[in-house]
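The structures considered in this document are given below.
Look at the two complexes coming up: chain A is in both, with chain B in one and chain C in the other.
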Partner chain A sequence: MSVVKLQNVEKTYILKNEYIPVLKRVNAEFECGKLYAIMGHSGAGKTTLINIIDGIESFNSGHIIINGKDISNMTKFEKALVRNNDIGMIFQDFLLDDYLTAYENVMLPMTINKKFKKRAKERAWELLKEVNLSNRVNHFPKELSGGEKQRVSIARALANDPKILICDEPTGNLDEKNENKIFEILKNLSQMGKCVIIVSHSNEVLKYADIAYELKEGKLIEK
Partner chain B sequence: MIKLLVMKNIRDKKNRFILIIFSLCSLLLMSVLIFKANFIQMQNDDFANNIAGRTLVVTPAVELIESLSEEEFYNFEYDFAKILSIEHVQEAYSSFLETSLDTSFKSDKYDGVVYFKYGTENTLPNNIVGQKFTNNDTGVVICPFNFYPDSNILYRDSFDNYLSGNSILDSNFDVTYEIPNDNGKKEIKKRTFKVIGLYDNTMVNQEANTCFMSAKDLYNIYEETLAISNEGVLTSVDVVVDNLNNLSSVINELNKLNYNSIPKLEINVEETNNLKMISYICICFILIVIISVTIVYVKKRNVMNIKEIGLLSALGFSNNQIQLIYFIDMLFVVIIAIAISTILSIIVYFIVLAIFKNNFIRMMYRPKLFFSSYIINYLMMILIPSLINYWLIKLLLHKNINSLIKEDEQ
Partner chain C sequence: MKNKLIIKSFIRRKIFILYFILSIIIYSTLLVINVTLTNLQENRKKNIYHNSLASLHESNDYYDQLNSNKLIGDVKRVVYFDNLEDKTGRYYFLLDPKIDNRVLVYEDRSLKDDFIDIYLCKKDYSNIENTPYQEDTLSFSFNDTEEEFSFNINKLYKSKHVNSIAVSSKIFAKLLKLNDGYDYTFKLYESETNIKKNIKNVRILTSYTEDEMLISHRINQYITVLIIFDVMMFIIFIIIIFIISNNLINDLNKNINLEYLLGFNNLQISNNILVRLVLLNISSIIIAIIGSFIILSLFKIFIKIDYFLINYYLLGIMIIILIIENMYVVIKSFRRLR
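So, the complex of A and B:
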């Protein structure tokens, strides 16, 4: 069953009276238990696509259904709730708070989540253990390597047990060894039932992807 | 979430600079507010508590004097009955009655000179411990709790040598003065007085060598000492009015009786207004500094935190929650700053108090800490930075989240 459904999604940027279509009637379905790779050249609109799925960016027409909820007409607040409950996000440059320890960073999304608020600390420790960072829980980001930072970021994305993980160039700042480690973790997560969507330049992701798409001229084409 | 925010703030060393600036601003603001409150209180104390504030010095009008013959002038007497019949007038007595006299308090420490004021139920202070006296009582006085029987009270550099009220209450002392005898020479007369009550001279702005004596005793001493030599001398009369607000109506009534009158204690309006104006300018200046510092700090901090704001949005924090986070963030800094400034202000207060005690002996007033000044300071210090922060974050949140996250890459 699909947890992310795109129906005729269109997005056009207007720059100095010039219309630049980025997404042209995009249709796609993403299911739990699979790892999706979205590839494409720079400027193809990959990040725009995942930002639209996140509800971070608006779109011109079409529908996006996340976990059965149509976010097309949702308010900012409702979209924020969807992001907090149903989507975990992983970024290229980790975006960890420098003044919070690893487990505090993981706790952050749980502090506003009714389901996990009360046992946020215990859960943060469990999640860090799952990504093999049980010896780094009290370390600050500056004391961690790039790969470790990204694993903290993955633990944080899993904090509220979302069905969907959206990763924007998750290995962009990592070496090959760490890149494979991160992809392995993400693959495991998909096998555990998560819907993992990875936007990446790296062809390495194709080794792990169940389905790969290419975004080309505003269309999402299965590879 | 609040716990995480607090931890984050404690660890963020960049907060220390703004903490110092806010503490100093808060301390300055508090100092100005306390100074202003003390200044107003000092004036109020002077006028409301000091009997001189509602006392008029009355003399005959020039027209009245010019209309008198030499004999009439020589025998001129005030119409006390008419003066006392004026509404709101409580007392009227010759200005010569109040006098400084030598006493047996004279020692190595003091010259023993005590100033005796006209004491009646209308002029005695409210804060008397012990007994009061009536107009007809004799041989009794009421002195300060902290008594300093010396004429050089204003020029002493320390109050260390006070006579404690406990040691003088119910004790006797002698008053000596010279009276002319039939041979034209002067003889020393000694009279004994008992201290039956004590009053707090600082509350009524009287100097520490001022005692209250009954009208009867003061008249007797006047009769024995000055009455003869003052014969034919035109003296003024002190008229005590029941309330400050009634001074002008009594002045008008006295005018109708052909008397000129001026308040014994006059407020320097220009000086008062200048001081008030200076304090308002200082407050405005400090507020401008607080606003500017907050804007510069918040903008600079937001540039640093811009990714964090984007991240919080991406993690599912609503705009209101993000604004609340940054409101609490600023509140935390401000609350620590005002806590520091409060402690500093108390230390500064005791230093100022010590300076006052040692250098401003003449001023009966002692500076106080005003709760209202603290409240005003707290409100300004909390509201201004927090609201500016809230507003600037709100402006930032209108931007696209993605553009916030990728801000430094653009």
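So, the complex of A and C:
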């Protein structure tokens, strides 16, 4: 069953009377238990696409259904709730709070969600153990390597147990060894039932992907 | 607690500690200067009061009005003798040119009817001090009456003001009846010009000694310097607050973005911003207040500080500026949200 559904999604940026069409009637469905790779050259609109799915960016027309909820007509407040509850996000530059330890970073999304609020601390511990960081829980981001930081951010993305994980260039700042480690973790998560969507430049991702798309001229084309 | 992690992340920043210490220094400097200023001003007021004397002649009785006037104090009924008969010739200075060559008379309840006390400035006092003045008899009279009042001298006192004498209650009552109109003297809490604006017909008799003039002058200089310093501090305070605010906005920008991505809604995000700012400002103000009290207590060992009053006016302005600053930060940070 698909947890992310795109129906005729269109996005055009308007810059001083100049129209930049980025997405043209994009249709796609993403299911739980699978790992999706989205490739495409720089400027193809990959970040735009996932920002729209995350509810961070608006779109011009079409529908996006996340976990059964149509976010097209949602208020900002409702979208924030979806982001917190249904989607885990992983970024190229990790976006960790530099002044919180690994486990505090993982706790942060749980503080605004009733689901795990009461046992946030224990859950943060468990999640860090899952990504093999039990010996780094009290470290600040600056005391962690790039790969470790990205694993913390994966643990954080899992905090509220979302069905969907969306990763924008998760290995962009990592070397090959760490890249494979991250892809392995993400692959694992997809096999455990998550819907994992990875945007990447690297062909490595194709080794792990169940389905690979290419974003080209505003269309999502299955490879 | 929901905000615990937000606060933790905030207070662990070097920049937070820098802001915190800076604001504490600024607030406490402002408070210390201000309390010192208030003290100097109060002391100056006291100084003026102790060194001033004014007289007033009216055809109606204004005693109660004068007593309730906040600008003046120590209001006393007085009368004046016009003439002095003095066989020794030593007491000519009782007829003071400042009060139209008359003799200023106060009441002293402890005196016997045929005795007077004499209050003299330093110079006149030293002239009489070593003479057998107890043996002298002085006679006083009014221009338009025959009646003469003769007294022996009971005691001499030093006085800063106009030379004067004191008579018994009974004599004083009699003199009041003879007096044409009503006369008063009083001390001043305010500068001459203010008093003159407030009380018509007032005559300022004040006589500062040179030393006292110098002290008053010096205090005035201190006050001027401190006021300039205070204003400069205030301007610096506003500039620093502005720099802090802008740095805060930049610093918080990453966090605001992160919170947004993690699914905090706009209400929660602005709440988080406010919690941080309130924490920074309120705690630094409280510490500054405590700190300035400690500093002033230490000062107290060296200089006289009677008034530990916090200037609520200043505190109010500081808080208003902080509120404006906080609103500026919240609004400007919020604009950066998508």
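Just so it is clear, the second predicted complex is superposed on the first by the 223 of 223 C-alpha atoms of A that agree within 3 Å, B and C clash if a C-alpha of one lies under 4 Å from a C-alpha of the other, contacts with A are read in each partner's own complex, and residues count from 1 in each chain.
Basically, a residue touches a chain if its C-beta (ideal position, glycine included) is under 8 Å from a C-beta of that chain, and two chains touch if they have at least 3 such contacts.
Since the structure is predicted, the reported quantities are computational estimates derived from the model, not experimental observations.
S.K.: Looking at the superposed three-chain arrangement on chain A, would you call chain B and chain C a clash or a fit?
M.R.: clash
S.K.: In the superposed arrangement, which partner chain does A:Met74 touch: chain B (first), chain C (second), both, or neither?
M.R.: neither
S.K.: Contacts for A:Thr47 in the overlay, against chain B (first) and chain C (second): which applies, first, second, both or neither?
M.R.: Touch status of A:Thr47: first partner only.
S.K.: Classify the contacts of A:Ile65 with the two partner chains as first (chain B alone), second (chain C alone), both, or neither.
M.R.: So A:Ile65 meets neither chain B nor chain C here.
S.K.: Just checking: does A:Ile56 make contact with chain B only, chain C only, both, or neither of them? Give me first, second, both or neither.
M.R.: After superposition on chain A, A:Ile56 lies in contact with both partners, chain B and chain C.
S.K.: Of the partners chain B and chain C, which touch A:Asn84 in the superposed model: first, second, both, neither?
M.R.: both
S.K.: Please indicate which partner A:Met107 is in contact with in the superposed arrangement: first for chain B, second for chain C, both, or neither.
M.R.: A:Met107 contacts both chain B and chain C.
S.K.: Would you mind checking which of 131-139, 149-157, 167-175 or 311-319 on chain B runs into chain C after superposing?
M.R.: 311-319
S.K.: Under the contact rule defined above, give the chain A residues that sit at the interface with chain B and also at the interface with chain C.
M.R.: 54, 56-57, 76-77, 80-85, 89, 91, 95, 97, 99-100, 104, 107-109, 111-113, 156
S.K.: Hey, which residues of chain C end up touching chain A in the complex?
M.R.: 2, 4-5, 8-10, 12-13, 254-255, 257-258, 260-268, 338
S.K.: Inside the complex, what are the residues of chain A that reach chain B?
M.R.: By the definition above, chain A touches chain B via 47, 51, 54, 56-57, 76-77, 80-85, 87, 89, 91, 95, 97, 99-100, 104, 107-109, 111-113, 156, 160.
S.K.: Touching residues of chain B toward chain A in the complex: what are they?
M.R.: Listed in rising order, the residues are 1, 4, 7-8, 11-12, 307-308, 310-311, 313-321, 400-402, 405.
S.K.: Report the residues of chain A in contact with chain C in the complex, numbered from low to high.
M.R.: Listed in rising order, the residues of chain A that touch chain C are 54, 56-57, 76-77, 80-85, 89, 91, 95, 97, 99-100, 104, 107-109, 111-113, 156.
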